[in-house]
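The chains carry the letters A, B and C, assigned in the order they are written, with residues numbered from 1 in each.
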Amino acid sequence: MTNALQPNSNHEFEVQDIMINMGPQHPATHGVFRMVLAVDGEIVRDLIPHIGYMHRGAEKLSETMDFRQGIGFMDRTEYLAQFNAELAYVMAVEKLMDIEVPERAQWIRMILCELNRLSSHFMFTGAFGADAGVFGTSFIYAFRWREEILDLFEEITGDRLMYAYFRPGGLAWEVTDNFVERVHQVLALSRQGIKDVDGLVTNNEIFKARTQGVGVLTKEQAIDWGTTGPVLRASGVAMDVRRDEPYLFYDQVEFDIPVGQNGDVYDRWCLRIEEMRQSVRIVEQCLTKLQPGPIQPERMPRMLRTPPGEVYIRTEAPRGEFGIYMVSKGGNRPHRLKVRSSCFANLQSLRDMSIGQYVADAVLALGSMDIVLCEVDR
Amino acid sequence: MKGILKSMATTLSTFARKPVTREYPETHKELPERDRAFPVLLWDKEVHEPFCTGCHACERACPVECMTVLMKDNPAHKSVGGESSRRKIIDKFWIDYGRCMRCNICVEVCNFDAITMNNTWEGHEKSVYDRADLVQDLPMLLSEHRSGELKPWVNE
Amino acid sequence: MSTLFGLPVALDALIRVLIIVGVMTVVVMGLIYIERKVLARFQQRLGPTRTGPMGLLQSVADALKLVAKEDVRPTNADPWVFELAPFLVFVPTFLGFVVVPFALAWSVRDLDLGLFYILAVSSVNIIGWVMAGWASDNRYAMLGALRAVAQSISYELPLVMALIAVAMVADSLNISEIVRGQAVVPNIVWQPLPFLMFFICMLAEMNRPPFDIPVGESEVVGGPYVEYSGIRWSMFFLAEYASMFIMALLGAAVFLGGSAWPLGEQLGLPWQILLTVVKAGAIIFVVIWTRASFPRLRIDQLMSFSWKLLLPVSFAQIMVNGLILVYDLPYGMSHTLLAVCSAAGVLFVASAINRSVTRPRPRPVLISRSEAAR
């Protein structure tokens, strides 16, 4: 890794690369992330990422929280796909305790997780458009359409961003009476939003010129680095946890998984737009299958105590495979909670994506991976 | 060239729409009934005392330990000549809004339905110049419901 | 050369200078406000609303803030070059105001070489950028300045060629003559390709998106202006908006018929001014529209676009124009030929843009969930 920094004595003159520091505070680094680029003119020769600026000890803190208190911490671990993080946590507890979740709760969980995927992908389109230089327009569009989804979540759970709504066994409380109509409304607005964002950016020739052939990750490289989610699927590997190990009721709905062929930044953009459309499709199917019923099993103890054991749960978060590995030694707290963070694995592939490309392209490659620093650092 | 024209057509169609900006603080959004701002205590109008008996259940359940609770014998209990059926009553109660993470667990564990989340705009507009001013004591926590402004959401 | 109201020459010149300064300052501040409001509407939001009624005093507030800032100068900055650089960027754009016509007889000076003058004067700001980048004693400022200069020079050439093509058709370099010659049909009908090139090069000259690499916000640093603060920075900023105004007026005059079309001569002065303002406003609207819609081009893509596409096409346009005009064909035939060739040029440019990015590449496939996993 340090070879690039040695003077290159093949030339007549001694050539040394300049180190550019894209520091923790930078408009393009999506949170507190630092990369040190060794550049030769404009070409990146090496990339050294520095993470850990946002480490808050979430995993260690979770060892002091019982199974209801820890849900709020999972929200804050992945603050753009909160329902997904909460879901993984409560699924781990349910598996340890062998709890059967009522059907209605599962369908509602599925609807909320897919809506959360929609809002997270809207955020991606906004932030990535801002990286590519569409001055603010895609950012404002994305947030305007995301507001509709967040308003719905506020009506149901009471909070716009940190829901703490799932509980082991089901949901904390019943959804609002007009839930189905509201979700239909939000879906109609989201369709308009996807159309807007798609029309603004996807076919734009300048955008294509910026993103095609940039940040390429081959199939072998993607598998080697352990990437998952849209980054992996854009490189041609058809792997999606919702299809391979279905949780909730993903085996009862029809949806498609977009798989890219070129592994570049443009493919990742198109893939996420297509995933947004598929999410809308999934939510519509779930709404037809929603029946009245209980949202918690009948006999739930006040204080949950899990038998000793360990479990690994994987879910398909918007950014990849979000996994929870929980070890319990009896009692009402996890003995060890490990979060398999999708962004952490994806971030390792940044170096392979950026070497040989221009500096501006390294910024785009970082943006296309859609990282959330809270998840990388926990 | 078509993509460029399509981008421009999308922006032009947005130009024709009405702006969605809400001019805060002159206009406020209508908060939903379940909105979760910070916790406040409820006042029992029939016997003129708080519902809270100081049982420490919420204090123990809080993930971030933001509450301090002290209970006392109720001077208005029936056995000493009052009208209330609460043997113990809350003496002092502090919640540090700076630590609270609004997770709603205190509301869920309360046996007496004495605490709820504030769902008004006053619950959200809590800016102060000194972080110590965020610590709320018992009269401050009771004032919202006592004055009648609060219509708390009750989860059946 | 007649003077205003028969005043002595020196006083007359002074009054004209004051007119320029006064009008331009007000216009530039108004233009900043208009851009913020219009850009906000493209994004479905309101622009400034709090400073003054409907936010009208926002530019004044910005100007006051910039004037009150501390004048920071790097220790190792070359003092004279650092001081003079903003002036060299700012003054030439104001000088361009001298020849643009507002109405048929209303420009500050009606020069016979008007077009030549404005092109010459507007390229002096390149030196200003180099001075700014060099004097800042900052590696990134120098890089940014060199990029800005490279971009400017590359797009200067097609701009000049486009305007020469129109001058050939109008047979004069005097802008008022060109305007008068459009009393029946505006030049854009005969020469759409030069208008397209003029528009693109205008965006590049002013460092506006999609050509705003030198002042890119999410790039490494802020370009040649990074070490300037307060009023010096505001001079660079105002120069950009002033040149936007000048170029819009020039485009309206040379291509869209200025104050002469549709019925300029007949309907008198207020109508002519209205026409000019509306046409310049339309061009400015489209400039802001492109800012809201497009991502930024990378520096190498920008350069290859200019040198490999725009410049050869502009040369071809001039040669075709010359070929058609050298034979004294009747008006109808010559002008129809001009229009047809130019329209063909526009189609060629559009298809070249298409072909450069839409190489056939495999599209994402949709795999249904029920297909067996791997």
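The rule is simple: a residue touches a chain if its C-beta (ideal position, glycine included) is under 8 Å from a C-beta of that chain, and two chains touch if they have at least 3 such contacts.
Everything numeric here is computed off the predicted structure, so don't read it as measured data.
Visitor: Comparing the two chain pairs, does A-C have more C-beta contacts than A-B, or is it the other way round?
Guide: Output for the comparison: A-C.
Visitor: Taking all protein C-alpha atoms shown, work out their mean, then name the chain whose own C-alpha mean is nearest to it.
Guide: Closest to the centre of all protein C-alpha atoms: chain A.
Visitor: Using CA atom averages as chain centres, what separation in Å is found between subunit B and subunit C?
Guide: The computed centroid separation for subunit B versus subunit C comes out at 55 Å.
Visitor: Could you please state the distance in Å, as a whole number, between where the Cα atoms of subunit A are centred and where those of subunit B are centred?
Guide: 31
Visitor: Any idea how many Å lie between the Cα centroids of subunit A and subunit C?
Guide: A distance of 42 Å separates the two centres.
Visitor: So which bits of subunit C are touching at least two other chains?
Guide: Touching at least two other chains: 42-45, 292-294, 353-354.
Visitor: Residues of subunit B that touch two or more other chains: which are they?
Guide: Within subunit B, the residues that touch at least two other chains are 1-2, 4, 7, 10-11, 14, 20.
Visitor: Multi-chain contacts in subunit A: which residues touch at least two other chains?
Guide: Within subunit A, the residues that touch at least two other chains are 137, 141, 144, 200-201, 204-208.
Visitor: Given the complex with subunit B, which residues does subunit A contribute to the contact?
Guide: 65, 68-73, 137, 141, 144, 147, 154-159, 162, 164, 172-174, 176, 196, 199-208
Visitor: For subunit B, which residues count as touching subunit C in their complex?
Guide: 1-2, 4, 7-8, 10-12, 14-15, 17-21, 23
Visitor: Would you pull the subunit B residues touching subunit A in the complex into a rising list?
Guide: 1-4, 6-7, 9-11, 14, 20, 32, 34-36, 61, 63, 101-105, 108, 117, 119, 153, 155
Visitor: Which of the residues in subunit A come into contact with subunit C in the complex?
Guide: Touch list, subunit A to subunit C: 20, 22, 27-28, 129-137, 140-141, 144, 200-201, 204-210, 212, 234, 238-239, 242-244, 250-251, 253-262, 267, 270-271, 274, 358-361, 363.
Visitor: Of all residues in subunit C, which touch subunit A in the complex?
Guide: Answer in residue numbers: 39, 42-45, 209-210, 212, 216-220, 291-298, 300-301, 353-354, 356-358, 361-370, 373-374.
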